[in-house]
């Protein structure tokens, strides 16, 4: 078995550098390979993901991801539902960050219909998106440590902070997870000054939690040993495979849709994009932590500058929304990567084609390359550091 | 300041006799009174049977409350309450019902009732005999180790001269039963876990033994009871002469802790039962009571190893201060044991798991050399037992340096290339 | 120990009467069962109801709320149910938390078959109950009760963690009311009720069979024959 | 970035035999696209990726579209002179035209290096039944790997040159392509207590046969339950 | 030094352990069945139908069976059958009413779109979440009687929203009355002018709330 067998891609990046540190299995003492099917019910596959892993001892020599166990036909259902009716479904796409998914969909529909969004709504969207980023990243880090073998403690600390943000979401939108907050041309409800004050307080206190979290874990020797140098992702290969989000930036490639497209009012905000150097699991973990710190900065600016005004474009309609025939692709930087919605309208109240570009599915493209040569224990950690959510992978 | 030999044992004895109060002798008195009712030829048997029943009862209960303590303490570590609503069952033939939930302390009994009555599943492809034997043997072996632990001044089930050897012989057999369980289950996860367990037992028996040898060297005996007796001194009646309060002892205790964590498959070395990777490892195919037996054996093993650590390094049943000797020795032992267990729970609530290659590397590249150096350190300590005055300070300094310098150097080489990083930003 | 001579009323399991506060009928019931058996039953049910270990098995969105129920704020551990076992062999309760797709359904049934008796199933959230918002999807199973029996249905999308705890409390009450003998005996002690269910197979267009008629019996009177 | 017309012209200049058409998007987004002929598509895609001025190194989104066969009814108004000499009558003449359907694969390309995009390219199959093979772009952009498998699974476009073309979301035994517009989903509408529209149509097949006797036509509704 | 990171971690967990005894921020458990969750006003779970009058819930439903919510409901969990006759609504105007109104809570995804599109403020979101059932067929399909809840209940769970709705409805009612009065006066005048032709008594429908208007946020 050679590297070429495992990587049949003749892209310039695959040739020669096929990266995977697969051991050439030639030695006479070599035994049989063991095929283990991890998932769809496995504690560390973050849902119903399945990996068919071929092991040599504990070393992975082949890994095939199997999808579709949560393929709930979001796209087909959306083609039979009105544009508005799909909004609550987008909550359930990436169920950890409903607000950003809402926004991505609203963005695509606004692009399709050429709708404007008032300033206050733009700010509110950024507030919600960055709060969601805090939720997502803190959960991810907690789950990652669970994969690394902690007894839930970091996860529970992360969820403790998450609950505070969910309380905010709940008091604003009425639901903890499924916010259904964005509308085409604005947002659904306007937060009260008390809500904004509470959110601002929470955001100001958030770095304290992060500091404690980092004290607990970032310098931990076991954590360093388990993550540094594990699952290295080469930047050029990552670009070719369409890896986006923190995973790409951990490899040192500076590409953040918030900066590149400047959608929403992001160009008005002063924030930095952290970049890794090694592209390993540790970098991917740290990208999340540093992004949370940047999100806090964005949120503080947003609370400071939030303008008064309407939250809905007066021209927008709730019912009977029929965009002109045409198509549009809107993409945003969701906490997991580039989340895009491709919509084709034929002038009817339902989209003719509704396509979600799921960042996590495409980020899994290189899972095998990242895992090869590592142990089975590393594979769950690498998978955890990619940050998948099955609702989005399978849709 | 002389703690190196048994030469002072005789000087120690009067103190012990003074503290040998009624409470101290209570368990023995009870046993003897009971045994006297029976004909003389059977008395030796009863004598031992009572010891066995006593250990089973006490440590059975101890196990039960360890599980609930673990759940509650982990809960507290994680900012939650943990089990607190079990209460007592409501019996309709009783005219009253205790509404109080008893802080959930009856939780383990509920778990026991459930586990006992749960359906027992043996996979069709499993090796039926081994599948059955593994849980039985694991409990048996882990219980055997209790035989040589001195629970109190007069409480030791079997007084063996080579108690330590016996302890390790019985203790390491539990890992073999894990292999049995993993092999017999015919499950791929179990098999992987079995291989891990074997790698672990090979790697960690050595540092565990090596961390204990300095104690043997200094105390000059393999008998656990005599090792405890050798620690029964106090400077000014306040500072106990436990082995942990010497440089080599502290290092040995740390090594022992790490190796004991690995030996008892506790986090961060719970690789055979790695939940996030191998489902439940060797336990994947065990249900009901068999699973409970494994669970029990794990805690028995933990308790026994903690007991050994207490015996060897923490002065066993000795009181920390001379004037506290009026408290019965077995209570001191249990107190220290509880302290050890709480520490293990604390570690479990904090740390993450090592990988199998890192686990073995930690053992062979770090723990084993360090334990060997510590052995030399202990030898130095034993040889310089006669130093006094300012030389004492030299003795302490040299001994401390002998262990700290290698620790730092080897620690650095072990973690070479691994450090927290700084990151650049794009704006 | 006396065995019941006459069949006890085949009513829904009722919570056990408060101790010392028995009505005549309940006393009669108690006498028929025998005090030893009743006490054993009570001890057994107390133990099981306070030690419900769920299977660590998350399907979709509801799984996050299930995890949230185990976290500090809601703390399912108070009920002794925080030990989420990843292996079905040690689990007592399957919380079907999320959309069961047709691709996943055989695995869910297999997991259920692998769990030892006594076992219980909570369908958490709209999707697990009926397919929920995704029920019109071609790959979505319209309710897990098409293949395995469900004890408690918790609607909501997703249900709050408190709703899950509420369902758990209901399940505890149900377990406490279970009988070991007699016609109203619990599922797992009866010989005429199977605890294993056929695993559906992947077909060319759908699962085959698409439902298990022995398990799934909707009330036909509620299907609307007309629509104005 | 160059305009799409420029790109088209450069492509045509570079690949003389190829067909490249500009597809205009009438919507508000005005994201126009290039329709590439399948024969030279791979070379053109590689050119788009490697060309220093474009460097479209990142294929963000690849998806399928189904355009079913259409019968287009065109109405022509003809004025026919009245033979009786009256005013000319306007007669509507209807012509039916059959437009064959096709499947389409759409790729959204961006340049991460130069930070521009999107350039949208499309490929079309000959029809929806037997000529459904398109060249795979996975060797060019590996991000197309799972997405092309998904298109194969849900739309039934066969990608020649894909290294691992299997179903990805549905199981392997599955025969249909569910995202096509003419897909009929399995009939499991036995229990639909709140049916309307499409669901009602499907659910009606499972309704119990109404009692033949007209007496007491009880329509069982939830109100009727105990 | 090796081990410093581990010791720091142990210190953090120890801090949390100690904090769980005195710091409410580090002991966040709410003991659910005894301690009720503090639901925010905006919290939504399943829809209910608002009735004006608690004593005659079926007679005073605000719902006029317009079936907009049925059409807009994304998972199609609402079922409405229009009545054959008309009943006077709160303003005294004869309106249709739902003969059958059922919501399948086993399907409902609590998205609130029915509330947003309802022009009559007839359907609102409830906050009851303890709805677990043992039979999904009979326990989770809610009919008209189970769904109807009085306006006072609406006031209780969403005070801000309810107040605003009531103010708006009162204004509409007043406008309708004035219009009716004006119409009656005009009719009387017309009747006085032309007593032979009886004018049909057409009540002007109360102008419903514009559908496109987003629900006004609670400003508590």
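First chain written, first letter: the chains are A, B, C, D and E, and each begins at residue 1.
Note that contacts are C-beta pairs under 8 Å (C-beta built on N, C-alpha and C of every residue); 3 or more make two chains touch, one makes a residue touch a chain.
Given the structure is predicted, the values throughout are model-derived calculations rather than measurements.
Trainee: Could you run down the chains that neighbour chain A and chain C together?
Mentor: Chains that touch both chain A and chain C, as defined above, are B, D, E.
Trainee: Higher C-beta contact count, D-E or A-B?
Mentor: A-B
Trainee: Work out the mean Cα position per chain and let me know which chain is farthest from chain C.
Mentor: Farthest from chain C by mean C-alpha position: D.
Trainee: Compared with chain E, which chain's mean CA position is the farthest off?
Mentor: Chain centre farthest from chain E's centre: B.
Trainee: Indicate, using Cα centroids, the chain positioned nearest the centre of all protein chains shown.
Mentor: Central by C-alpha mean position: chain A.
Trainee: Report the inter-chain centroid distance for chain B and chain C in whole angstrom, where each centroid is the mean of the CA atoms.
Mentor: 40
Trainee: Could you tell me the distance, in whole angstrom, between the mean C-alpha positions of chain C and chain D?
Mentor: Roughly 43 Å, centre to centre.
Trainee: Please work out the Cα centroid separation of chain A and chain E, and write it as a whole number of Å.
Mentor: The computed centroid separation for chain A versus chain E comes out at 34 Å.
Trainee: So, what's the distance in Å between the C-alpha centres of chain E and chain B?
Mentor: 61
Trainee: Could you list the positions in chain B whose residues touch two or more of the other chains?
Mentor: 77-81, 275, 279, 349-351, 415 - these are the residues of chain B that touch more than one other chain.
Trainee: Give the residues of chain C that touch two or more other chains, as numbers and ranges in rising order.
Mentor: 71-73, 75, 78, 86, 103, 130, 133-134, 136-139, 157, 160, 218, 222, 224, 227
Trainee: Taking each residue of chain A in turn, which ones touch at least two of the other chains?
Mentor: Touching at least two other chains: 42-43, 68, 71, 73, 76, 80, 88-89, 92, 152-153, 156-157, 160, 163, 178, 216-224, 394.
Trainee: When you check every pair of chains, which ones turn out to touch?
Mentor: A-B, A-C, A-D, A-E, B-C, B-E, C-D, C-E, D-E
Trainee: Show me the residue ranges of chain A that touch chain D in the complex, using the header's touch definition.
Mentor: Per the touch definition, chain A meets chain D at residues 8-11, 13-14, 67-68, 71, 73, 75-76, 80, 111-114, 237, 239-243, 253, 255, 260, 323-329, 331, 338, 340, 342, 344-345, 353, 355, 357, 361-362, 364-366, 394.
Trainee: In the complex, go through chain A and note every residue touching chain B.
Mentor: 34, 36, 42-44, 55, 57-58, 145-153, 156-157, 160, 216-226, 228-229, 254, 256, 259, 272-278, 282-283, 286, 290, 375-378, 380
Trainee: Considering the complex alone, what residue numbers of chain D touch chain A?
Mentor: 25-31, 57-61, 63, 65-66, 106, 108, 112, 115, 118, 120, 138-147, 154, 163-164, 167-171, 178-179, 198
Trainee: Mind pulling up the chain E residues that touch chain C in the complex?
Mentor: 28-33, 37, 45-46, 74-76, 79, 81-82, 104-110, 129-141
Trainee: Spell out the part of chain A that touches chain E in their complex, as residue ranges.
Mentor: Residues 81-82, 84-89, 91-92, 153, 157, 160, 163, 167, 170-175, 178, 180, 183, 186, 188-192, 194, 212, 215-224, 311-312, 316-319.
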